[in-house]
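In the two complexes that follow, subunit A is the common piece, with subunit B as its partner first and subunit C second.
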Partner chain A sequence: MSRELVSANHAAGWAVILAGRANRRGRGFGSGVYPITPQTECIELLCAHEIEKGQVVRVESEHSAMGVCIGFSTAGLRSFTASSSNGLAYMTENVFAAGYSRLPIVMMAVNRTVGPPWNIWADHGDTLALRDAGWIQFYCEDNQEVGDTTLLAFRLAEDKRVMLPAMVCQDAFILSHTMTPTEIPEQEAVDRFLPPLDLPHRIGAHPRVIGHLDMPHETEAHRAQHAEAMTSVEAVYSEIQESFESHFGRRPPDPIVPYRMEDAEIVLVTMGTTAATARRAVDAAREKGIRAGALRVRLFRPFPAAAIERALRGRRVGVVDRDCSPGSGGILWSEVCSAAPSATLIQNYMIGVGGGDIRPHHITRILDDLGARERAGTPVFMEIG
Partner chain B sequence: MAEPLLGGMAQTAADRSEPILRCGNTNCGGCGMSIVHQFLGRAAGDRPVQLVIPTCCAIVAAGPFPWSSYGAPVVATTFASGASVATALAWAAKLNGEKTRVICFAGDGGTFDIGMATVSGAAERNEDILYLCYDNEIYGNTGGQRSSATPRGAATTTTPTGNELAKKDIVGIMAAHRIPYVATVSLAHPDDALRKMRDALDMEGFRFLHVLSPCPTGWKSEPGDGVELIRLAVKSGLYPIYEVFGGRRFVINVEPEMTPGALENYHAKQGRFRKAGIDLSRVREAIADEWDYLRARAAQGAARNA
Partner chain C sequence: MSDETVERSRVLEIRLHGRGGQGGVTCAKLIAALHSRLGRSVQSFGDYAGERSGAPIRAYTRVGDGAIENRNKVYRPDHLIVLDPTLLGPDALAGLADGGTLLVNTPEPAEVLAARFPRVRVAAVDASAIARRHGIGTRSVVIVNTTIAGAYVRAFGLPFEALEETYRAFGYSKNLAAAREAFEAVRESGPVDTSASPPSPPPPAPPKVIPLVEHSDGKSPGLKTGSWRSQTPRYARHLAPCSAACPAGNDVEGFVQALARDGERAAAAVLARTSPLPSVCGRVCPAPCMAGCNRKEKDGAVNVRGLERWIADHAPAVEVEIASCASPRRFAVVGGGPAGLAAAWALARAGHRVTIFEAERALGGVLRTGIPVYRLPRAPLDREIDRLLALGVEVRCGRRLERSDVAAIAREHDATILATGLACARSLDVAGAHLDGVEQGLAFLRRVNLESGARIGGHVVVLGGGNTALDCARSALRSGASEVTVVYRRSRGEMPAIVEEVEQAEHEGVRFAFLRAPVGFEGDGRVRAVSLAEVDLGPPDGSGRRRPVVSERRSALACDAVLLALGQSDDLSLLPDGWSLRQGRLYDGDDPLPAFAAGDLSTGEGTVAHAIGDGRRAALRALAALGPGAEEPRRDRADRVDAARLGRDASAREERNPLGVPPKTVRPEAIRADHFASSPPDGERLVEAAIRRREFGEVSRGLPSAREAQRCYACGDCTRCDTCLVYCPDGVIHRTETGYEIDLSYCKGCGICVTECPRSGMEMSA
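Take a look at the complex of A and B:
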């Protein structure tokens, strides 16, 4: 284990290089890559390192990047790509194809505003638009978490009880380009943690069609199996947390991460880096005698609805969305509403949409507003100036 | 040159023991793509193959889950992803020391149109793929809309009074990528067709075969006329049969007889040309122009070789 000063892009990149090399004992590693700000450093790192029994194909579009990953994965190889924003939007058709083909591809997605208007800063709308593509989705808070989650995502995705692709999301620039000291594991430890991929439906020499026509009742059955695989993710993930800790000495965070929740009356629900700012604002509120708490949603698909329901019982809730679904409101908010106990006061605050810097005093304003509310109103945009 | 019997070929000892496309598939009667598969099965012999088929009639032909009309492993892909998925299968075989030949089997929609960037990318990277485009000059799978492979004058459901635009020169485009091998394949010239398919299967790098594929449903022609139509297309010079090595050396494989009446017959036998009232003198001009170009390129190639 070595401690390096790296950006989250490189933390993810190192995890992929190690995971790719680990499958030299299996059918190898393959990746299709295409640049887009702010994920490019990740694939540059990948392209600069030799991976035994591995191939990185520099393709002509994001759509083909995922096409290549689909091909590698179908042939039983470990596979990875990275993308962001409009790149993800362009890739979308094949993101769905990978999901519905139950291919355990891992993708690192840097959350960036979808244009136009063109904007390279953090916004969760790009990956949230892919929430129905059948992928597992994690949203990370710091560089260590990005690296660790990328690594464990392979184990989770490739577990026979799961067999689903996984997306590891992180906030543009706030993480992608910010260097922090990060533990990079040794190859031998990764080799022990990550068994070779054995894809049950891989294409081989036998006549069969992968991805063919389905009648309605069969598609329904396939979707039901897919949904069922999603429901096993949380249990498998908790096993992986244990295993990860025993191999690397640190425990990856739970699907939801509470902060000062024990006696909290008002709670802010966040995703990604906003959680760190929310903690600061909660501390400040506590000093003023306000019983505030925060809850970070780390696993968005499958949505940990039962855990969220338990966590929000009897609280007044503010959901902080760094995204906007026009005509509805924050996407995290609508998901939290579906999981929270009925009659919970849940107010939606859309803030930092398009990447504006969310500061502690912005979150304090949200806490003040939430504390003063008798009932929830329509979702509000919080201007951050 | 020998021509196929009964408009197709019977299974013989020379063929792949398991046909690539089995009986009982859902192709229309007289579909040229069925004949392409018969040729491919004979050409492939016992080579291990994997097929990548982007959205087109050829994937509908596979039939619904859990059956498969294909006697070979097939990966069905999204419309524009044939060449990208095939790229990965070829690398996967190489990394694992497998002899599998990866064949991307796509229609004109997936090649000339929506898949163009993907095909160009894979060709530019010289991926180890045999890319076979069976070109029925129409979106057949969706019921017969114009593609950029549709010839001028053909009526389609989206050009009901006849297509006004000329067919895209896909062979020229692929040759411009300077890939190892590009060839046109005539279903009416089985010796030449099989030789090209075998050569292309054995070569390394990106190889592109273009096969004009009769589509009775879209061409409004008799199902039994398919091979005859291709013969007429070749005889009239409308479908030049040639190959290009490395994007530079052009070799003409079949000299068109320019038989009187061949061009008239080719058009008269297809309902799709009847509506627009096609101007054959214009078609003749285009054919003459194309042959001038091809002969000049072939002569250059011969001179360089001498």
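Take a look at the complex of A and C:
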């Protein structure tokens, strides 16, 4: 284990290199990559390192990048790619293909505003638009979490009870390009933690059709199985948390991460790095005697509805979205509404859309607004510049 | 709750302002790494925008003692670092508290900035100048980040050792010297004056966002990105390595390009400025220009020697300009070899009267007595001598001068050039050296060249490894020798002879014995064998070649004749009593005489090209010594190139850039070789070895065409190839009548034009 001053892009990149090498005892590692700001550093690192029994194919588009991953994965290789924003939009057809083919590909996605007009800064809208593609989705809060989640995502995705692709999301620049001291595990520890991939449906010696026409009754069955696999994710993840902690000495965070929730009357629900800023605002509010708390949603798909329902009982809730689904409101908000106990006051705040710098006093303003509310109103769109 | 309270941070916050390409983000990272090494928690990030070179960027570092939870930018920096002084506006200073520290990369003294910003502590260092001196950056652009970090360490009282460790960890150790210099050079202003007028108000809020669906037919507001520029590209002529290497001082790149663009006559005119003997050099020069050619590593050096011959053979009748001279002087040139001819050429072209004194019956010196006609036919030599004489140069041939003659000649002329060459052939002081059949090679060549042939038979051994040795060997072959062996005390790669000559000799059947030194001759009256000792190579000597160490291991090489080609030394016996030679000038006692040595007598370099160059320079020295009115010849580019090469002539200043350094020689790494299609060099057409080895006809028929000139990179010389214009990301380079113009109101100084210039015809300036 070494502690390196690296960006979250490189934290993810190292996790992939280590995971790729770990599958040298299996069928190896294969990746298709295409650059896009702000994830390029990650694949640059990947391209710069030799991986035994591994190959990284530099292709001409994101669509092809995921196509290459699908090919490798179908052949039973561990597979990975990274993308962002409009790159994800262009990749979308194959993102669905990977999901509905039940291929345990891992993707690191840097959350960046979808254009036009062009914008390279943080916004969760790009990956949230892919919430229905059948992938597991994590949203991370710091560099260590990005690296650790990328590593454990392989084990989760490749678990026979799951067998689903996983997306590890992080905020553009706020994490992707921010350098902090980060623990990079040793190969031996990764080898012990991450067993070789044994893909049950990998192609073998005999020709067969992949992605053929499914009749309605077949698709019904496949979707039901897919949904069933999603429901097993939380339990498997819980096992992986234990295992990860025993191998690396630190426990990856739970699907939802509470902060000062015990007696909280008003609670802010966030995703990504907004959680850290919310904690600072909560601390400031507590100093003033306001019983505030915060809840970070780390696992978005499958949505940990039951845990969220338990956590939000009896609270007044503000959902802080770094995204906007025009015509509805924040995407996280609508998900939380579906999970929260009935009659809970849930107010939506959209903030930092397009990468605006969310500062503690902005969150304080949200807490003040929420504290003064008798009932929820329409979603509030905050322009912070 | 106020913004202040909730934003209060327990961590040290550093904000850095720079321009895209200055390395600001890496600088912030280095500072973070530095503090991390000192045991602190750190966080570092850039504030990215459209990644444009020269655009204002910010970067941040936080330093604390616990986990750093801040996820927003820095608005109230404790420390502010500004990499470009043009960024020092209210925008940059915003949020810096009274008494905070401002570190600026600027040539201005700290006091000047302190007057502008009295409420903060100011530290100033000219990191750009330091980084430029240390050559830190890309091939075109100076990068200041690793340099200014040295100043940061000093300004904030951190140990320099921590920076050393950090740079080692990052692999930046080669930049430490510059950082150390910045560490030493950073200056701080005096005490802070918080009673001074408050800082200028924060910048106004950005304008209202226009809806996407609002109709707009107005012009986009102009953004004069030229204000982002911290370094400026410009077109600059650099010295091509061929020109730098030419001992004759020829503008090699200039004549090759003149041939490529404008043909033989234009090229011949360039050559005529420096050399009267291009058809000679085009045949016999060892061509250091080719050894220095930047194309060598790609697909072979440009065949410059072949091109010079092509020009001389195809434009023989180029008119030579004679400058009009108000007060022509009378010059004597003693010695009609290449140095004397070059001196006469320079003086006559400058409008002066010249008389050449030559001991032989015809001019040419070693070109006529030493170099065999199969290498240098006499027709082109005579043609070029005739061209010289056509300038009005007088000639006195056929009498070897005595010392008294020299003194008289010196008295009768305004100045005298002595160019008598290396007259003494070295002999060998070993047993049997007096035997019949042991002869000086030069004497043999003289017989071959001047006395309509010299018969020699049997096995001829030639001792030596220079061009004279090769000339002896090949002439012996052509004069009846059944077998010829060249014996050289070092190895093949160290032979001073022209490589092609060695190859041609080998093809003709000449054999070589390397690492053998003659230690005696055997025979009874006539030489029958050479006794050879094996030579071991020791450590390198002064010439950089490994020193030959003669061993006790001996063998005898049977032979019928031996030719000595062991080099020559100068003969100062011509100098009148009391005269001496110091640095190319003659003195009577301690009084300088208007008499100058030229060529081998002066330099002993031993090639025709050196002699030509030194002959011309001796002429210029003589003119300079005669003082005003002698009217030195008009300096043209060739002279400036030559002067720049020597780095000691006043005219070199004309081509100096503002940084005060002579024009740089273009090194191979400054060439974008990928811009040039691969094409192997054209070789000269040689007569079959089996035919040529028995006759004195010219071995080489020269190049098949002038196409070879097209291979020249034109190092350091803009050819208007448009690469700069094509690569400029901002489209601000335009063609003009004479070259290009860069629109500096929009040029951001990204340096891509300079980087992409295939031939180093551009440079960045401060």
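Simple rule for what comes next: the second predicted complex is superposed on the first by the 383 of 385 C-alpha atoms of A that agree within 3 Å, B and C clash if a C-alpha of one lies under 4 Å from a C-alpha of the other, contacts with A are read in each partner's own complex, and residues count from 1 in each chain.
Just so we're on the same page, contacts are C-beta pairs under 8 Å (C-beta built on N, C-alpha and C of every residue); 3 or more make two chains touch, one makes a residue touch a chain.
This is a predicted model, so every value here is computed, not measured.
Visitor: For the three-chain model obtained by superposing on subunit A, do subunit B and subunit C clash or fit?
Guide: fit
Visitor: Go through the superposed model and pick first if A:I266 touches only subunit B, second if only subunit C, both, or neither.
Guide: In the superposed model, A:I266 contacts neither subunit B nor subunit C.
Visitor: Figure out whether A:I366 sits in contact with subunit B (first) or subunit C (second), or with both, or with neither.
Guide: Neither subunit B nor subunit C is touched by A:I366.
Visitor: Scan A:F173 for contacts with subunit B and subunit C and give back first, second, both or neither.
Guide: second
Visitor: Looking at the overlay, does A:A284 come into contact with subunit B only (first), subunit C only (second), both, or neither?
Guide: Once the two structures are laid over each other on A, A:A284 reaches subunit C alone.
Visitor: In the superposed arrangement, does subunit B or subunit C reach more residues of subunit A?
Guide: The partner with more contacted residues on subunit A is B.
Visitor: Taking CA centres, what is the subunit B/subunit A/subunit C angle in steps of 10 degrees?
Guide: 70
Visitor: With both complexes superposed on chain A, which partner does A:M163 reach: first (subunit B), second (subunit C), both or neither?
Guide: neither
Visitor: Should A:P38 be classified as contacting the first partner (subunit B), the second (subunit C), both, or neither?
Guide: second
Visitor: For the overlay built on chain A, what is the smallest gap between any CA atom of subunit B and any CA atom of subunit C, in Å?
Guide: Minimum over all C-alpha pairs: 19 Å.
Visitor: Do subunit B and subunit C touch any of the same residues on subunit A, and if so, which?
Guide: Shared contact residues on subunit A (touching subunit B in one complex, subunit C in the other): none at all.
Visitor: Residue numbers of subunit A touching subunit C in their complex, please.
Guide: 5, 37-38, 117-118, 120, 173-174, 177-181, 273-274, 276-277, 279-281, 284-285, 288, 357-361, 364, 385
Visitor: In the complex, go through subunit A and note every residue touching subunit B.
Guide: Within the complex, subunit A contacts subunit B at residues 27-28, 30, 32, 53-55, 57-61, 63-65, 67-72, 74-77, 79, 93-94, 97, 203-215, 218.
Visitor: For subunit B, which residues are in contact with subunit A within the complex?
Guide: Of all residues in subunit B, those touching subunit A are 18, 48, 50, 52, 59-60, 62-65, 68, 70-78, 80-81, 83-89, 91-93, 95-96, 100, 117-118, 120-121, 124-125.
Visitor: Would you pull the subunit C residues touching subunit A in the complex into a rising list?
Guide: 1-3, 5-7, 25, 29, 32-33, 36, 41-51, 68-73, 75, 205-206, 212
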